[in-house]
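Order of writing sets the chain letters: A, B, C, D and E. Residues in each chain are counted from 1.
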């Protein structure tokens, strides 16, 4: 699905968006490290997990950025011509799955940590959500790697089962727990559900594109931009909202 | 607008200024990290944002510096000849917009945080200024990318609307809030308005140059120098002034 | 034993797993650094050692990853062809032994530190386990380096003696000390024995493959994946379990 | 003035000295960061500035080192032949001025901070010394860049005016303030004047060499070595002396 | 003395040992930074110096490692052939002297700091040992650089004078001060004398080899391994012993 050629405009767009993700994730992590002392110890676990998630994402985007830079080359002066696939260097599409394998379970852990539920509820949620998240990613991977739309479809469907299960558990649980959350963060947490839905939804849609025969360099560039925006929402913006909730709760407990 | 050739003197000038920005932003951030404990907790949010801004700017200037180094090459011994555009490597002019998208809203947040206004005023200001800042950058981008002076002009004009709005809100608000600020920082904050005006003004002027047919390598070098100086003023010097205000206020509250 | 060629799929698989190890070790270390203040001082030595172990592993996997990237090259556009061994660059198989020489003794120290045994028992255990661990690695190295299956077999056998001794001491000691451990961590520590058995067992098995004539690129890729998974279990997951035990004990001592 | 060829011995000498400066500046900064808690808060500003100065110097020497490595190449096996100027890579002589622009004013600030003078005296000193320092560097730069000895001489003379002014103010002021300094540091501060004289004097002397027709690779190598030693004295050794004074004063105030 | 060719086995051995030194020094420094809060403030100066020493050594070994990698190249697939000296890249043998110039005086300072002697004794020791150490290194350097065994011999002898003086002062002083040290560390400090003797002795012996006509690649590889092991003992293991002494003393003073 990787296009054979990109125009300079397309090349620069992908380049700029990939770099934007690096900066967003890296400096969200830096911000959280510096700001953590302002959070009460009991809410710091969520922030620590958020730092790790944004750090891992920054690491992976450094690699994706370098991989992209090497994978497309122009032979015009000032890089002003068409970019073609380089000899011996591929843009590693499977890389994102390596990232998700680590970060998706951690994103769920981050959310559950900030809710500060009863220990038993918390353990039960983690035991259901974390394996489902790992399963979702692992099932999607062979589909992504395959050139056969049939195989892609089947694994996509299988992967969707744990996906829907996660969304279902998250929604019912988040909705249920809203009542026990302090008033100051109730609205934020309620909206957080929609941020998750919006950003997580991008990934299966991008997965569908080749099946829908939406090919070509424009679609591919759009997809890279979509991934980039979704990753900023699902990790950096998400982390900042979690931080805001932690800050509010810290203030409520010890004004 | 990127010139086809640079003399060694021009090449070295741009090279030295880009590196000067890296050093300024990076070590302003380092300074603030080390000096933060000397600030009272209530003023630390502004400093944290300042650190993040200078960090993001340093990151982007590392990339701009490398991009510049690769984009112009000489084939004379000791680099003593003319520098021409390299094969397959372009100087990414759009990069600065990626930086601004993140840093301009944060610069406004930094300022509002240090004023320590009533919570309601603060929220209202942020809800007006942050979207305007994002809009300003996003509208400017297609103009910058276009080769057509017409398109450049139109998007430049559109971008100027939120720009003027931001300046207007900042000026009236800053001026109004001066009265409620401690005497020790009133003069500094009053002068800060002019630093903003002076440094922020550089960007739309640089944007205008191609429309005014001010082309050629000399104009381009001058523009890179102008950007560099403006970025040092608008982020590093600005951060140090914010730090000074935070220090004064800390001292006033707890001498 | 290094294969002459890899398919793109094989190349990407090894590439992705090696990077997964980097991310896992590096961010486990980052997590532990940030979370350490939540542990009581008396259990921090174990965590400090865990940070060092994961840090060393991340360092070595950075090198292994780069070495792998340089050692196999494709000359098809987009890296879509067969990968052959590069001119002048080898994949350094002996590198893992350098890592083990430092980390295996430290992993044992980490375990003994978290048990918080009487000083005398502790010293006696360290004086027996650490030299045995060093011996195990040093004896295995000439076998690994040799092309002669005979030599490999003999050094493998010699290395197995300290290996079995370590396992024996660990098992009897861990089992014996379970009684004196707080109830809250007894089950975790009991299970930890099996994590050690499972992950440590991978290394001698991988060592056996050439002797069993299990050669070829598939076996080699499987072995790299096996090493990667084992290293994540034996260092990162292990460290997180040690952290969990330290957290529980901290809570028991000072709820 | 950059020589056309260097012998291997000359190349290695410059290489080793440049690296020595990196190590000295970087680890002086590291030392000060770790040791800062042993200083009383009121003297920490001087140390913070010292860290920033040594950090900036390390950054610039990393660049100078890389620039030197790229600028001279040998085509003999083992680098055993003559080193000539590389194609397309120049040794950037103007780089040091970028460094000085940032560090010379900071060095003066560092000194004034450690003297802990009355606020008014302090401000008056800074308002005189900092602009003079900036002027001195900015006036020297066109001289350094020019190939014309006449131009070099004129700007050198102009730059010497603020230079002498700075030395004059420093000497009279330092000498005057000695009386109000605690006895334990009086001798050290008195000697510091001579360290400044000795190390700062190197720069105008090096500037003079081309005018005195002292050319050739030997003179150039001697000049690089001289710069390196002067930079270690003027920043790293200077910082350690400031640290020593801060430590003594901390002890006097709170034994 | 640098060999013209290395076998792959020899190349890998040097490569692995140089990397082992990097990991050892770097993570000893990391360990000490994390563990420092467990030491009482009055013993922290020794640990701070130890961190700086290991950091400097790690920096230099990064350079030595890279220099080695570039200096020897193979043109066989998989790097399986003979390694010859690369065009234009030399293995910089003088680099270690740059390291020693900084680290040897610091190692002596580290030792004197941990002994916590009376201020006067301490100053007197430093005034004798530090210049002697600098003299030893500076006198050895021209010998090392020379191709003439005569010159090598003479400077070697000159350098041996301060060497023996240092050993003499250390031994008598350490032995004398043992009585005033707490019982818990007396044995450790007594053994430390032999660690110093053993590790420091390697350097003059390696210096002798060319004079004894012990040449060839095997001797050279053995010498690199010897240097590596000596550097780990003289800096990293030494630092860990100093840490152990600091820990014991901290415990004695404040159990």
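Everything below uses one rule, namely that a contact is a pair of C-beta atoms (placed from the backbone, for glycine too) under 8 Å apart; a residue touches a chain by one contact, two chains touch by 3 or more.
Just so we're clear, the structure is a prediction, and the values are computed from it rather than from any experiment.
Visitor: Between copies chain C and chain D, what's the superposition rotation on C-alpha atoms, in steps of 5 degrees?
Guide: Rotation angle between the two copies comes out at 145 degrees.
Visitor: Could you check if the interface between copies chain D and chain E is built from the same residues on both sides, meaning over half shared, or from different ones?
Guide: Both copies touch with mostly different residues.
Visitor: So how far apart, in whole Å, are chain A and chain D when each is placed at the average of its C-alpha atoms?
Guide: 47
Visitor: Quick check: how many Å separate the C-alpha centres of chain A and chain C?
Guide: Here the centre of chain C sits 29 Å away from the centre of chain A.
Visitor: Where in chain E do residues touch at least two different other chains?
Guide: Residues of chain E never touch two or more of the other chains.
Visitor: Touch graph of the chains shown: is it line, ring, star, complete or other?
Guide: ring
Visitor: Can you list every chain round the ring, opening with chain D and moving on to chain E?
Guide: One full turn from chain D through chain E gives D, E, C, A, B.
Visitor: Can you list the chain E residues touching chain C in their complex?
Guide: Going through chain E, the ones touching chain C are 8-9, 12, 15-16, 19-20, 22-24, 26-27, 30-31, 34-35, 38, 73-80.
Visitor: Residues of chain E touching chain D in their complex?
Guide: Chain E residues touching chain D: 2, 33, 36, 41, 44-45, 48-49, 51-52, 55-56, 59-60, 63, 71, 84-92, 94-95, 97-99, 101-102, 145.
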